[in-house]
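What follows is subunit A paired twice: with subunit B in the first complex and subunit C in the second.
Now for the complex of A and B:
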């Protein structure tokens, strides 16, 4: 299969998946207790019967279900994700406003966790059975069992409250009006703790994956051949083992990006990071279902986009596919 | 069985895990005997630090409730949600994967598309949406966690069944005139049990993490004390009373760690040929 055909196939699948999520969203709205008009009236702060009836007519909620279904789906296809009464803004604008912060956070966390995970995983595999291996695998086991939001809170206690090294919340110093390099440094300082605490859990996964993948490849015949040829151990490790061991790690890591978006809800909530995860939390407490489902759809779209990118990268790295 | 126990206990981590888990289970089971009063009841003035007051080993929280009582009752929610949601996920994933692997063709295609769809959706986000819209109660939380955790089970079972269905003992069963259903559930699936058991023990751990994350966000059952809720409620006072967030987090960490250790021990004990190879 050529690259173009593969991308087309993936894109077609992605569209189907997104449509199914839109349909799921529609049924979820209608599964909510009370009809959307009552929820909207609650959000707008008024609840008399006449106003609710007026809302029902205005949004076509008095029409048969299949008409409503069609209106909803065709709206979403035209990128109309509904209106947030709580924030007095179209949902799409709200999300687009917050999306860059989330992309920055998740990409940084992904890069950090993958890099650290591969380095530690390789270090552990090289010391298999020795205390260095035990130390790294125990650390990975510990981070794998730690709740994301808790490690974030504890990082705030240690690094912000006790040591004062990093700011505890937000994505820039309020009222500081930094420019140029100072602004970049300020942003990086704010980014560090959220990205680190979001990445730790995933780093643990990548450490374990890299370690077992390296150990598995080390047993293969072509490595024995290279060793028999008299190649230096460092060369074997770099050119023979590493290249083959990393492919499955990178693919699996790409497929797990979805969990990263989910985890961002927790991290952004703890650090008041102004991304779509925080928006999801805000819409939860405000019972703002339009925004909630909009964020859900967009985060799914992010995951799909990420999977397609991983797929393309993988095909470019490994010509056998 | 003796053989299995011997292999399991050779793994020191797994033994430690089992010990921790047994402690947590005992505390959860005997919670009403240890603390006959409701964990919501205010017992002393708020913000008493741990080890400072007789009878309140872990102090009191922001509203003067006994932290130790909250921990013990919270263990019940974590264990129940973890266990039941895993069982429900198995009930969805095992049959789906088994039929897909055994019958192949269109059934396989359809089932795998369905699984893939659920695997694409970011699972924590889906759990949030489901619980938020269905109202947070113990059953909806459990169901939501089950709905986001079954896809890996289906894939695992399908792969196992695929590799087993062409084996001689299946051919023999077919020659003996057994029906497809009897072959699948009586002969093929029992041989796929060990990886399913290992996965299930790890799923309970993940489910406990999910439950605590949901209740941390305020999506817990409002009538039940849980570890995630305790951390979420203490979040606002993190600067002055960090231990109120710290203690329940340690409880989650230990329980999840114990289950992961047990899962690895089970893996070593049930697949002795694979043990100590890869991970």
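Now for the complex of A and C:
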């Protein structure tokens, strides 16, 4: 099968999967107790039947569920994700508004964890059994085993409260109106703690994965052959060992990449990062159906897209697949 | 803690307004959770009012003793028979878009806009016959009958003035202008970075000379309670409005240098914590059982430990901060033996009751656990049911609970904030926050109706005293605590809390000592 045909086949499957996800999510969400009108009435602290009835009419919740379902699905196939009555904005705008912040955070965490993970993993493998190896694997185990929120809180206490090096939360210095290099630096400072928190866990996994994989591949016959024909050690590591050792790492990286959109709820909450994970969580508690479904759809599309990309990367690294 | 000192400073500030205020500066205030909208005429939840209270105004404000003060109305008269309310509006007031604010806007806001959108105001408007504007700066409310509490409804969250030239003839709820609120208030809406902050700037054309003093205000959205505390510690924010950090952080924060706190600024709302008990079915349908619950609870412990000493044990349906409170009722101090006797009389068979905590954070979860413990000591079995906000509203509106925690605002008068929980006409399955306990007593209904329209304050006091005696004996709900949410702020912020709704409309007068 050619690459193009493979991608086409996957895309066709992906669309079907997405549609099923939309349907399933729709009914799951509507099965949860309470609805947006009830939440808004509850927040107002006072409500009569007229008030709730008005809200339900406004949100279209007075219609039978199958009508609501049909309206939603026919909108989605035309790429119209609906309107958030709670936030008084089209869902697509809401999502696009929040997406850049989340992607900046998750991509940074992703890139950082992958790069550092592979580098430290290889370093550990090269020093197998020595103190450097022990140090790296112990750190990896620590980060792997520690809950994310605790790491986040401790990072804030250390770097922000005690040392004052990095801001504890937020996306930028509010109202500072930096421009140019100052703005970039300001953003980077704000990015540091959340990206670190989010990246540490996966970095730990990559370290362990790379290390064991490299060690395994190093024992193989073709590596001995390479050595026997007198190749430099660095070349063997890079071209022979690493390339073969990376496959399992890529599998995991694909998994992590799938979470780029929806996987940072906790980090975004602790660090007040104005991303899509918080939008999702707040929409859930407010039963803002359209927004919630929209975020689910975008995250699902992201997971599927990265599965396809992972497959392609496999082929590039290992042409046998 | 410097709250006593601050409180006396504040009252001095009120007594001697000639004290010079420094102009300028920026204030960062926490808003939690992020409001869904800033259009105060459509949405009246806490965070919306906190921010929009600087943008929108009403005819009056209220001092911390609930006395009416001028706002958009510079003076007002109530006729001796209590049937006519005449308001004289400030002249030269403009909306943020430059259009003049006139009595036509008042008539439109109250009679057209809010009558359609504001569930709580609608109840009071039932007593109003006509609202007219004889000239540009006069508004007259003619009543159908005297309604004592009426002078208390001209508060910004209860009766916000909305611009007629923007809303007339439109679909209010879906008007695109809702995203760029236009009011008459001391601050104008500048920008809302969703998930991050709301930026308001000084209204240069405000009708009070030299006010507001601050240049700009940022309302900061910080979703995690611990992060909010850190934000205040780091100096990122200057004001933590009541309830924005967990109780156990309050002590640590108020002990910092240059940090003040005050419990004032909640008199109008007077949040009254209680537990609705299902009067229709289950063990709680029995009055003796409900009394046993009252005697079982150690409310002092809750106040001292769970609320860190803030607040006051509630002894009646009316808060002691609200008008017409009486302490001439049964007092339910903790008494395990008495509770056990009452349970025996009620013939309680050990059927477990479901406790529904309020899903508003850790404090309420702990409170439910404390109650479960107390109930166990007198032999009542219970289980705590877990829900989120939507589920909680659904369960209480559908009467799916035995004991449900809540807190309700009193709005300064029993007719506005108290009667709604006990009137049998206010039982409506499917709507939250009404008489969800299902208490029905014709006598009480009649007394509430009479008290609302009684001609004099003395006559009203007499009836409300009777009502409180009766209700406290019937225990339709378990009254828990008059909650106090301390406002925590840097001491150089002056005159922040001077009204009965505190920070919600406090920025008009607030200034920063340079």
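Basically, the second predicted complex is superposed on the first by the 267 of 321 C-alpha atoms of A that agree within 3 Å, B and C clash if a C-alpha of one lies under 4 Å from a C-alpha of the other, contacts with A are read in each partner's own complex, and residues count from 1 in each chain.
In the analysis below, contacts are C-beta pairs under 8 Å (C-beta built on N, C-alpha and C of every residue); 3 or more make two chains touch, one makes a residue touch a chain.
Note that the structure is predicted; figures quoted are calculated from it, not measured.
Visitor: Given the touch rule stated above, what does A:269 touch, subunit B (first), subunit C (second), both, or neither?
Guide: Both: A:269 reaches subunit B and subunit C.
Visitor: In the overlaid three-chain picture, which partner chain does A:32 touch, first (subunit B) or second (subunit C), both, or neither?
Guide: both
Visitor: Contacts for A:240 in the overlay, against subunit B (first) and subunit C (second): which applies, first, second, both or neither?
Guide: It touches nothing on subunit B or subunit C.
Visitor: Based on the superposed arrangement, let me know which partner A:49 touches: subunit B (first), subunit C (second), both, or neither?
Guide: In the superposition, A:49 contacts subunit C only.
Visitor: Classify the contacts of A:286 with the two partner chains as first (subunit B alone), second (subunit C alone), both, or neither.
Guide: second
Visitor: First (subunit B), second (subunit C), both or neither: which does A:261 touch?
Guide: Touch partner of A:261: subunit B, not subunit C.
Visitor: Is A:190 contacted by the first partner subunit B, the second partner subunit C, both or neither?
Guide: Once the two structures are laid over each other on A, A:190 reaches no partner at all.
Visitor: Quick one: classify A:94 as touching subunit B (first), subunit C (second), both or neither.
Guide: second
Visitor: Mind working out whether A:153 is in touch with subunit B, subunit C, both or neither, as first, second, both or neither?
Guide: Both: A:153 reaches subunit B and subunit C.
Visitor: Both subunit B and subunit C touch subunit A; at which residues?
Guide: On subunit A, the residues that contact subunit B in one structure and subunit C in the other are 32-33, 153, 156, 161, 269-270, 285, 287.
Visitor: Which positions of subunit A touch subunit B when the two form their complex?
Guide: 17, 20-21, 28-29, 31-33, 141-142, 144-150, 153-154, 156-157, 161, 208, 211-212, 215-216, 258-259, 261-263, 265-266, 269-270, 280-281, 284-285, 287, 289, 292-293, 295-296, 299-300, 303-304, 307
Visitor: Where on subunit B is subunit A touching in the complex?
Guide: It comes out as residues 117, 120-126, 128-130, 132-135, 205, 209, 212-213, 216-219, 228, 231, 235, 238-239, 242, 245-246, 249, 252-253, 256-257, 260-261, 277-279.
Visitor: Tell me, which parts of subunit C touch subunit A in their complex?
Guide: 26, 28, 33-34, 36-37, 43-46, 116-117, 119-120, 122-123, 173-174, 178-179, 193-197, 199, 216, 218, 220-224, 226-227, 230-231, 233-234, 236, 387-395, 397, 408-409, 420, 428, 430-434
Visitor: Can you tell me which positions in subunit A touch subunit C when the two form their complex?
Guide: Within the complex, subunit A contacts subunit C at residues 32-35, 38-52, 54, 58, 86-89, 94, 97-98, 101, 153, 156, 160-161, 164, 167-171, 174-175, 269-275, 278-279, 282, 285-287.
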